[in-house]
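The same chain A turns up in both complexes below, where it pairs with chain B and then with chain C.
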Partner chain A sequence: MNQFIELLISGLSLGCIYALIAMGFVVVFKATNVVNFAHASVLMLGAYLVARWHGSLGFFGAVAAAAACCAVVAALCDIVLVRALRRRRGTQEVLAILTIGINIVLGTELAREVGTDLLPSGAPWGSDVTHLLGVTVPQTRIAAAVVALVLMGLFWVAFTRSDWGVAMRSAASDPEAAALSGIRLGRVAAGAWALAGALAAIGGAFFTSFPAAGVNNSTGLLALTAIPAAVLGGLDSTAGAVVGGLTIGVATTLAAGYQDQIAFLGRGLSEVVPYIALLLVLLWRPSGVFGTREVTRV
Partner chain B sequence: MSDRRRVIMRVAAGVLVLVLLWLPQYVEAFWLQTGLFAMSAAIGAIGLQLLVGVTGQLSLAHAFYVAVGAYGYCFLAGGEQLGGGIETPAGAQLPPWLAMILAVVLAGVLGALFSPIAGRLRGIYLGLASIGLVFIGQHILFNAKGITGGFNGRDAEPFSLFGFSFSDTHPDSFNVFGVPYGGLERLWYLGLVLVAIGWWYARNVAQSRPGRAMQTIRDSEIAAAVMGVNVPVYRAAAFTVSAMYAGLAGVFLALAFGRVVPDSFGFLLSIDFLVMIVVGGLGSIGGAVAGALLVTALPQLLDHYSGSLPLVGAPGGDGLQPADASSFVYGAAVIAVLIFAPGGLSGLGRRIVGHRRVSFRAISPEPKESTR
Partner chain C sequence: MSDYRMTSTELQDHPATPANALLDVRDLHVSYGGVSALRGLSLAVPEGEIVAVLGSNGAGKTTLLRALSGTLAMQGGTIDSGSVELSGRSLTHMEPAEIARTGVVQVPEGRRVFGELTVEENLRAGAFGRGRRGGRAEAFARVYELFPRLRERQAQQGGLLSGGEQQMLAIGRALMAEPRVLLLDEPSLGLAPQVVEKISEIIQVINRQGTSIVLVEQNSAIALKIADRATVLEVGQVTLEGSSAELSESDEVRERYLGLGRGPQIGNVEPVTPVTSRRTALPLTVEGLTVRFGGLTALSEVSLTVEPDSTHAVIGPNGAGKSTLLNVFTGVYRATKGRARYGDAVLTDLRPPRIAALGVSRTFQNLALSPTSTVAQNLLLGRHRLSKAGFVSAGLRLPAARREQAEQERVVAGIAELLGLSDRLGLPLMSLSYGDRKRVELARALCAEPSLLLLDEPVAGMDAEESQRMARTIARVREALGISIVLVEHDMAFVMGLADRVTVLDFGRCIADGMPDEVQRDPEVLQAYLGSTEGSEKNVGEEIGEAGA
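The block that comes next holds the complex of A and B.
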């Protein structure tokens, strides 16, 4: 039982990180209708920059700088590359393939920079653990959960209260009406991409911190795990991203923790669990748990 | 297209076929090997084109079905126990031609089993769900050691037909115009036949009634449903056919490699196939083949000539690695094609030849003659 609670808490804290990453994914999809595969390499960029800069800027400074950089890179991706195709009403599939192209270029360059190294993220908590109600939790994970919850709260307030949030929601629900009432769709879209980039950088910094070892050249591929998190909650639902992230986090951690009991399913099952969960959920609800069911009227 | 152009095109195609048939007389083993990989990729790319380019359903599961074909063939044809206490993975020891057919069918069955998902999911959700298959498939390949051989993979039984083996033995050696024809040369012709059949079948599908239904689904699902097209069934069927193409590609890949290992069937292979059809031009069967050739040959070319190329360094040394260089080229090519030249290679080719042909993409009220 104790082990279960320990794994559950550890899973929930990992889930918070996934939720942050998945939220960026959802924000971009809501605002611009693009499934952004380049999110994975932007995350890796963020984690890499944190690993490079934490020596001179300190961990928090590095995270802030990396978030700013990733926001700029993501916004540029939208403005320079994706916008042209979006304007021409490219289908979702074609737009997704375009972001795969961006992901290939950016991911290859990052993998080249990292090479065969393993770069630690330099989080100040190192491998310290805290004993909480009889269970052991890594301090980085507690910090990650706190940061994620604060960011989610801020995001929620901004989304429901601020002018930016109103602009974004109206752009998502009816772009033409929004444009006619003076909302600049281009800015809203670039803003959403920038926000997603910043979230990816912060998520990436924690994603590669203890108990993970650091940034290596496969971090980009690992970051794809956030896609099941975003999809099983429903691609156009921010609440779904949070639920999806937590689900994936708990499922992965439990599969890793009980790997001896489920050894008959093969080694390394925890890496596959997100995808199994994804398929099962989609079989049950084809648009994710909280996703809008597409209703077509002729 | 005017008659003169048509004659020129026919002659060009005929010359191309003759050159391909004659090629093993001249080129070295390295180029033949590259050609075999390209043929395997071409078969797979044609299948993906039918699904993504023609029906408009994004799939990233292609690598999984390629693996099913490759491992299916190895399992069905292999299984001969070597002496000396060496453990080899189990097999059904069927004749290779039967194993090839059954492996393709197996891929099709697994494609059809996915149809509760493939038929129901709307739009982009299918593409995202299909990623799952690749990772789950690789997990199985690593762990079902009795069949797949685990991390180290397993050997592929050479293909043979009526006692004629497509390997270096049986018959041990025979010469054509003084050139000895070994396994590579023999497989070369097998590959040409398979690609030709695949191309012919896909063209017929794309240009006949089911093909038009598929294109209508791509352009508008509502319109297709209104016209009486059973959208979920067609979607699932396109997925199944595409899986069978992937299976055949896998069988030929196993034959060309001689050995299959799980690492070659990862997510990156799916991406490679997607790059092929985008660079070749979405919707064009010929474009898929051209894209497959480009994506397969480019890393090999860069690798081979890395010494004499600027910017690219030798493999394993300093400087830009040939593999990385080709990744940059693909990624950039995908972006450039989608933004600047949506027709891809096939669109460029058409522009050069100068005949106006209504692309599959365009919804055009023109009469049917113009699509021929």
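The block that comes next holds the complex of A and C.
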């Protein structure tokens, strides 16, 4: 029982990181209708930059710098590549394939940079653990959960209260009507990509901190599991991203924690658990848990 | 309202194209992927005036507004030549958001309010059109003063408003930018008469407060009533222009766009050889049918009988429950109580495919066709239920499958001929005019060889001329195929020459049932159609309820 609670708490904290990453994915989809597979490699870029820079800037400085860098890179992806294709009336599918291309190029280059190294993220908590109500929790995970919750709270307030949020939601609801109202769709889109990039960098920094060992050349692959989190919750729902993230976090942690008991299903099951969870949820609700179902009036 | 005539008389002295135009469109050519939509259109909007743009569907009215607002590119269109200037400043290469910020703001067709945003947030979105100008609070105050209803509903989601309220919100959203020119695309579309009246009063108030207005309307009577001048478009060109008073007097406009002096004249129906095997129509009986969606009663204790081989019209204001009735017949909605029988089969117990197999076929109010396929492909799809060749034999092109394909194509060609679509068969659907597309929709339903045909608002969005043509087509179809037709319509005049029997619904209740001329004189029907303002507001609310359900 104790092990279960330990795994559950650890899973939820991992889930917070997933939620943060998935939220960026959802924001881009809502604002620009692009399924952004490049999100995974931007995350790896963020984690890589933190690992490289924490020595000189300190962990927090490195995270801030990496977030800014990733925001710029993601915004450039939108402005230079996605926008050009959209001008020529590229469809949603074409744009999604474009992002797969970006993901491969950026991911491969980063893997080459990392080589065979294992770069620690340099989080100040190291491998320290805290004993909480009889269970052991890594301190980085507590920090990650707190940071994720604060960021999600800030995002929620901005999204629902600010003019920026109104512009985002109008553009998501009806781009043409939004443009007719004077909302600059290009800026809204670039802003969404930048935000997603920053969230991915922050998520990436925690994603590669303890109990994970650090950035290696397969971090990008692992980061792809954030995509099931977004899809599972519903691609166009920020609340869905949170629920999806928590679900995937708990599911992978439990699968890893109980791997001896479920060894008959094969080793390394935790790596495919996100996709199994995704499949099951989509069979039950094809648009995700909170996703908008296509409603047509007859 | 009473001063409009005086204003327009004064304006007769103006030259045809005033030199002091605020918005000046010159020799505009627009095309969509090589297909020309506007051919050398010129239009001048003088400061402080209302200019109406009239014309049938496909004349280029919406294209003109897209060109003015810069949204053409979003729809795959381009300005090939010509200019659009707002007091000397060219708008042709500007992004839509920049055009809005310059002072030309459009209220798009179909209102397009942001459904998930609250009323207040919708207005905040509109305030982006102000750019860096201050005074947002004053703009809010002005909009709320014009539309007190919006103030009451500030915190409600836009999508939950009634149709009339959504139109107010769409106009209010545009006003938040304090436009110099307000472009209105069909503001009366789908609204009850009293709401239309109210909206047109508000348009006049906005105009008097100093905003120039371009009013694109299908409803020419209303547009001519409130506009100072009007322009008539036909296939992308201006065919008539002048002051509203002049145009209202012109015989051409009276006949074509106001539909005066002509009811639906069906004329003689020439005999046509049936192209499909005739199926015997059976009586359709509805007994005490009630449909509820949550707390909303869409239909309450409705009973009616459609005799075989007759045309039965179901009419009623928006939200009366007409479409709901059709959806029960086709098995899409379940009846809460009561039942509908077609011959011996109880429709209310069957699932949609079984009902289709009985020979019940319907058309949709909003077109349900594939835009990129050709007309012939769309029609062949309608024959799917009747094709016997399986996946394998069709895939291998076995002789039987090929014979069947040839037979299917022959039937499709016959139906196309009956509806006057023969020369359109090879064209992609999206290249057809709206009226032709509605006829393809009818043809698709006929391809299933129905014995009972359900038509959902076949003339919705058509002008007088197009709807007459549709009336003739429907009469021909019945004559040629000898089937029962249930015709759901909003427009009472349209069904009068066509139907053998009429049922009138209002708020889901059946308020009259009888021969067309009896029903026309029924006081309760007149009340429902012309009724009090309060009544029509409720109708609009219910329409939205129905849409949500």
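Observations, loosely collected:
Basically, the second predicted complex is superposed on the first by the 295 of 298 C-alpha atoms of A that agree within 3 Å, B and C clash if a C-alpha of one lies under 4 Å from a C-alpha of the other, contacts with A are read in each partner's own complex, and residues count from 1 in each chain.
The rule is short, and it goes like this: a residue touches a chain if its C-beta (ideal position, glycine included) is under 8 Å from a C-beta of that chain, and two chains touch if they have at least 3 such contacts.
Just so it is clear, the structure is predicted and the values come from calculations on it, not from any experiment.
With both complexes placed on chain A, chain A has more residues touched by B than by the other of chain B and chain C.
In the superposition on chain A, A:V166 makes contact with chain C only, while chain B stays out of contact range. In the superposed model, A:L195 lies in contact with neither chain B nor chain C. Applying the stated contact rule after C-alpha superposition, one finds that A:G101 touches chain B and leaves chain C untouched.
In the superposition on chain A, A:L12 contacts neither chain B nor chain C. In the superposition on chain A, contact of A:G182 is made with chain C only, not with chain B.
Legend: residue contacts after superposition of the two complexes on their common chain; A:L235 is shown touching chain B, with no touch to chain C.
After overlaying the two complexes on the shared chain, residue contacts for A:R89 are found with chain C alone; chain B is out of touch. In the superposition on chain A, A:L278 makes contact with chain B only, not with chain C.
Shared interface residues of chain A (contacting chain B in one complex, chain C in the other): 298.
If you check the complex, the residues on chain A that touch chain C are 87, 89, 163, 166-167, 169-170, 173-186, 297-298.
Here chain A touches chain B in the complex through residues 35, 81, 84-85, 90-94, 96-98, 100-105, 108-109, 111-112, 221, 224, 227-228, 231, 235, 265-269, 271-272, 275-276, 278-279, 282-283, 286-288, 294, 296, 298, going by the rule given at the top. Residues of chain B touching chain A in their complex: 52, 56-58, 116-117, 120-125, 127-129, 131-133, 135-136, 139-140, 142-144, 221-222, 226, 267, 271, 274-275, 278, 282, 320-321, 324, 327-328, 330-335, 338-339.
For chain C in complex with chain A, the residues that touch the partner chain are 69-71, 73-74, 76, 95-98, 100-101, 105-106, 108, 112-117, 121-122, 124-126, 128-131, 173-174, 176-177, 323, 327, 332, 364, 366, 368, 547.
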